[in-house]
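Per-chain numbering from 1; labels A, B, C and D assigned in written order.
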Amino acid sequence: MSTAEYRAQEGTIDPGRIAERARPQIVERGLRARPGGWLGWITSTDHKKIGVMYLIATFMFFVVGGVEALMMRLQLGAAQNTIMDGQTYNALVSLHGTTMVFLFVVPVLAGFGNYLVPLMIGARDMAFPRLNALSLWLFVFGGIVFYTSLFFTPPEAGWTSYAPLSDDAFLPTGGIDAWIFLVHLTGLSSLIGAINFVATIHNMRPKGMGFGRMPLFVWTILIYAYLLILALPAIAAAVTMLLTDRHFGTGFFDPTAGGDPLLWQHLFWFFGHPEVYILILPAMGIVSEVLPVFSRKPIFGYSFIAYSGVAIGFLSFTVWAHHMFATGLGDFANGAFATGSFLIGVPTGVKIFNWIGTMWGGSLRFKTAMLFAVGFIAMFIIGGISGVSLASPPVDFQQTDTYYVVAHIHYVLFGGAIMGMFAGMYYWWPKMFGRFLDEGLGKVHFWLTMVGFNLAFFPMHWLGTEGMPRRIYTYFPDMGWNFWNMMSSVGAYILGISVMVLVGNMIYAYRRPREEMPDNPWDAATLEWATTSPPPAHNFDAVPVVYSRYPLWEDRHPVEGGQPAVIAAAAPHTSIDERSHPADTQVAVGEGESNAHLATVEADHGEHEAGHAFHLPAPTIFPMILAFGLLLIAFALLFSPPILKVTFLITGVIYFVVAIYGWVKQISE
Amino acid sequence: MASPCQIDRRHLAALLALGALLGLLAAAPAAFADILTPEDGGGSPPAERTDVLYEITLWMALPIFLLVEGVLIYSLVKHRFRRGAPEPAQVRGNTRLEIGWTVGAAAILVVLTVITLAFLPGIRDPEAGGAQRAGAVAVAATDQPDVPPGGPSLNVRVVGQQYIWRYDYPGPGRLFAYHRMVVPTDTTITLDITSQDVQHSFWIPELFGKADAVPGHINDMWFKVTEEGVYRGNCAELCGENHAQMIGEVEAMSPDRYRAWADRQRSDIRTAARALADQRRRMQAQQGAGEGSLLRQ
Amino acid sequence: MAVVTQSADALTDRAPTGLESLDVRKLGMWAFLGSECVFFGSLISMYFVNRPLMFSPALEAAHLTPKTILNIPFTGVLAFILLCSSLTMVLALNAMQQSRRRAGSFWLLATAFLGMLFLGGQAIEFIEIAHEGITLQNSVFGQSFLLLTGFHGTHVFVGIIWLLSCIPRALRGGFHAGNYIGPEICGLYWHFVDVVWVVIFTIIYLI
Amino acid sequence: MAPGGNMAQRDTHSNPGVGGPLGGHGDNVEHASHPTARFYVLIFFILLAVTIAEVFVAQEPFLGIFEGIGVPIAVPLLILAAVKFLMIAAFYMHLKQDSRAFSAFLIAGLILAMGMLFTFGGLFTAHSREPFDQIAWREQLAQNAGTTGTSATTGGGGH
């Protein structure tokens, strides 16, 4: 669809806002020449390139994880199927779960965050661009070290790797070690990334953007980052103990050595439960961005949505043991953790009500992004309600570890996080790549997703209540599970086709001749739409000053309480009226109009800017080398032949040391 | 690209389809909750009470689910974009309404919490008769004098191992069974559940919920069957490559038949143990002490 | 519903935070230290839940409880050393804030030296308990204690490397009243390691 | 969670990071707020005194006294440790004059760590754990090491 067609379709939208938003001339003073081509990508410290690399890598892992799921559904489609044996099936379970959690959903949200957070808060880049590159490469190499296990024996203990099954006495193969290194490397990656987000969001917002004016996606990324920072160390400690159990003769989780398998579960879920909110919160943020734009209305109850996210963040640390009701915690602990788990339903419900409130009375345009956002809400309600039943210990005794839980997790993670991610993809694709994803194909994608998803996962509720435990590779035909397993498999393959449609859509969008993309094709409200599509390396020529929650909708949303103090301080000669576009402007506004406040700030920050141009960090290869060194060290622990071990260890340490040295030297220059 | 008018109609049809789908989804769980409505569950209290609790939860959740999804779909249809319509009112929120639904959601969940907490002890803790579990006396051991007040009870130790369950019965003489646990009807059966290798989860859906068998720990669960029959359940915690084949069964029979079974089983075990001892002696005699030590337990 | 209320938005549009309200490196370091709290919290929790197993009657009889194995006065000296290193660290920072180059470098070096002394002491301690027959493999106390204190030691080691890497620049006068962020962040890390030892010293050695 | 907007005012250590390290030069207020070396040494001696007190409290005469009055020895020791902890964090790590955002991180981490410690303590005493004989296990290990030389963690031993 061309821009012209798009505009024609949106006939009622004020053409002044569709028009290219005023932007000052892009100047690149004093920038060093940057390497181009693939070298330009792997040495990049640009948050946008890193974000795109994150998205590409995670999408590849998504496809791999999806193929694993389809293989499992093939086996489960019929009773006593003999396509694979238990060992292969368990490997697939572990690969699928781990891939989707650690290699897809967490990093894909980091990818969105990386690309969008600096743009949304009007910053040039993340606070620590080199560390940003490091977290990308740690994640990529974490994925690689995990998937090398395909060449020997993949892990077979599920994504939770419960001890003592994951101990060397029961699974002496390297698969679990690969899993451990995956958790170490991606955990380090997420920790560094999260610190980066926190520093960026706390500190690099523009003038005028208090916490109350931050886009809701930035809010959720901030909470995501806090949760990662505070939850990851628990699993880091746990997997380190597992590693020493497996290789250095300790027995932290070995009951015959005085250890305790429940310690693993407690530490794992102390991380694991905040993790599920880590997975879902930024998707909620995406939905909170998409809904207002396509409803033509601001979000309903901004502070309720923001604060309910914070509340979910706090509560998520108090409910971990609801994954362990069946281990026999005792009535008191069961009751306490059940209460917390019920409680967490309140802020979640509030968000849903507020989203519906946002759409209520709006003028809803069902672009694909909007469809996915609505799909998110509809599906997340189901996941949320099945979650309430799981929070009740007695009901949980029946439903935990059955297909009911499988249905629940997929309703919140696929129906929730991944639907939200798709919404974000269709929404920000024009900004990232300067092209639209095709709407027609997008709608096919959406409806196939909805049908396939519900057909695949809704019957799992019934399978679970009929007593089908999860993670079994075969079942007897007389259990009454045949029909719905068949349906579920059919649904899974429909879902597979829908992802192929998406891939087709991406290829189609990539191959279409490029056209000029307006800065703000959806007539959205947040700052990322104030720059070009795709944005220049330094994002904004001048750091914008923010006067409201919806900087690009100021003509429709006069700032409350009249003249904000900021305007008086930073731009005494501008007023709201001057900054809004005249309604009849049809063509692109020239440089002269230049959005008065942008120009003002340029002057304001003149002395800062003049000296070091835009102060963009130089490209560097050292983060990648450092991560590569850690990959080699992980290999050294993974491979048993001594010669390989020593070689990998020595090279790894050399790479590591060289990278640190080079990095420090580069900074201090 | 289709004209906007057609798009609208298509949207409407799609939304109605979505609505029908959601309605179907909502109606379904009630009809399919087999385990949680154990009509052939032999009246085991933990399962029955769980079922009641589940139905309370379900009937509270269902109207909320229908209401929320209904309002969602209604607003999608009602407030869809119409050509020439004015820009919508820029409503930013409504504090009273928002506080209202926050409090409302909290109130519903508090009620649910209270109900759950009220049900919890009755499901988790054995009834009278199983109360003095430590000193519980097996009904089978008829020579034992004092049956605890509140009815007969039996304590069985359930031990998981890859990939089978073993049941150790109390009382004089060794009595144990693999795979199928035989219990008398109308008796409170208390279970001490543990594992000797990896973690398993003992679960007979029609009788009681899961109790994880964690090595190094003793978990407990209980049930009481009123009708004779065989009840089956899978191990519910991934325990290795043959996890799917780790199946446990409970067979309930009248106390008289149970006693007969127990006596027969005991004598079978005695016979087998004697035969094993004989074989061991023969082998030791033949091969000498050094290799015989391989058979040392 | 049509009532437009703004009072709902308790998060008022605040005054600008501006670009330079906090130093991002310090902020990042504090975020990391928050994370480290939970990491050591996990390890200390592990020690704590294993503790009852270290005091069984049989172990008491065999004089193999932590109380009898650990040498509290010796560790007291180690705690003193680490405490001194915290003092030298703040003195180094203080000197650099006043652009006193040589004093700053001297105190940095002293901090690193005290850190090495501490590590040496810890090595002696590990060897001593190994002589008593406690290793990573053969006791609940051994594995819990060695993992926890070992991780603390690793942190001290990283801190020493960091301090030493600051010294060349400090000698060149690279840190002064206008720029002392490097040693300041390094100092935050170092004090945190000291603070962790305060907790470990109390929970493992004294209680 | 978000420690609010007045961090800008509280941060007296303005070390402007973004534009370059030298931006805050010439800010007189900043220098006045640094504690003196004398102050740091004073804090050190207090910390030292607390450490010495800790070691003594854990030894016999005091141990007996506290147990005599029914106070677990952990209570005074934890109080003393908290005092040391807070003093180092407040004065040596400058939390007292730095942004409250920094304290928020430390406090969040501490709350979680302490929450974990206490909850685990409660949960693990509630779990019924099978008795474990450390001495027998060590002898077994020594025997294994003598005969086969394998490592310790071969699990699966039943009863």
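Going forward, contacts are C-beta pairs under 8 Å (C-beta built on N, C-alpha and C of every residue); 3 or more make two chains touch, one makes a residue touch a chain.
Just so we're clear, the structure is a prediction, and the values are computed from it rather than from any experiment.
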{"item": "From subunit C, the most remote chain by mean C-alpha position", "value": "B"}
{"item": "Comparison of A-C and A-D (more C-beta pairs in contact)", "value": "A-C"}
{"item": "Centroid spacing, where centroids are CA-atom means, of subunit A and subunit C in whole angstrom", "value": "32"}
{"item": "Distance from subunit C to subunit B - Cα centre to Cα centre, in angstrom", "value": "46"}
{"item": "Subunit B-subunit D separation of Cα centroids, rounded to whole Å", "value": "42"}
{"item": "Residues of subunit A engaged with two or more neighbouring chains", "value": "164, 170, 202-204, 210-211, 229-230, 234, 249-251, 255-260, 262-263, 270, 301-304, 327-328, 360-361"}
{"item": "Residue list for subunit B, restricted to those that touch at least two other chains", "value": "89-94, 97-98, 197, 215-217, 219"}
{"item": "Residues of subunit D whose C-beta touches two or more other chains", "value": "4-5, 17-19, 23, 101, 105, 108-109, 112, 116, 120, 124, 127-130, 132, 134, 151-152, 155-157"}
{"item": "Touch list for subunit D against partner subunit A, complex", "value": "1-2, 4-5, 17-20, 23, 101, 105, 108-109, 112, 115-116, 120, 122-124, 126-130, 132, 134, 137, 151-157"}
{"item": "Residues of subunit D touching subunit C in the complex", "value": "4-5, 7-8, 11, 13-19, 21-25, 31, 34-37, 40-41, 43-44, 47-48, 51-52, 54-55, 57-59, 73-74, 77-78, 80-81, 84-85, 88-89, 91-93, 98-99, 101-102, 105-106, 108-110, 112-114, 116-117, 120-121, 124-125, 132-135, 138, 141-142, 151-152"}
{"item": "Subunit B-facing residues of subunit A, complex", "value": "1, 5, 9, 11-12, 85-87, 90, 93, 156-158, 162, 164-165, 170, 255-256, 259-262, 295-304, 324, 326-328, 331, 334-335, 338-339, 342-343, 345-346, 349-350, 352-354, 356-357, 359-366, 374, 377-378, 381-382, 385, 388-389, 392-398, 400-402, 440, 447, 450, 454, 458, 461-462, 465-475, 480, 556-557"}
{"item": "Subunit D-touching residues of subunit C, taken from the complex the two chains share", "value": "14-15, 17-27, 30-31, 33-38, 40-42, 44-45, 48-49, 52-54, 56, 58-59, 62, 64, 72-73, 76, 79-80, 83-84, 86-87, 89-91, 94-95, 97, 133, 137-140, 177-179, 181, 187-188, 191-192, 194-195, 198-199, 201-203, 205-207"}
{"item": "Of all residues in subunit D, those that touch subunit B in their complex", "value": "127-130, 132, 155-159"}
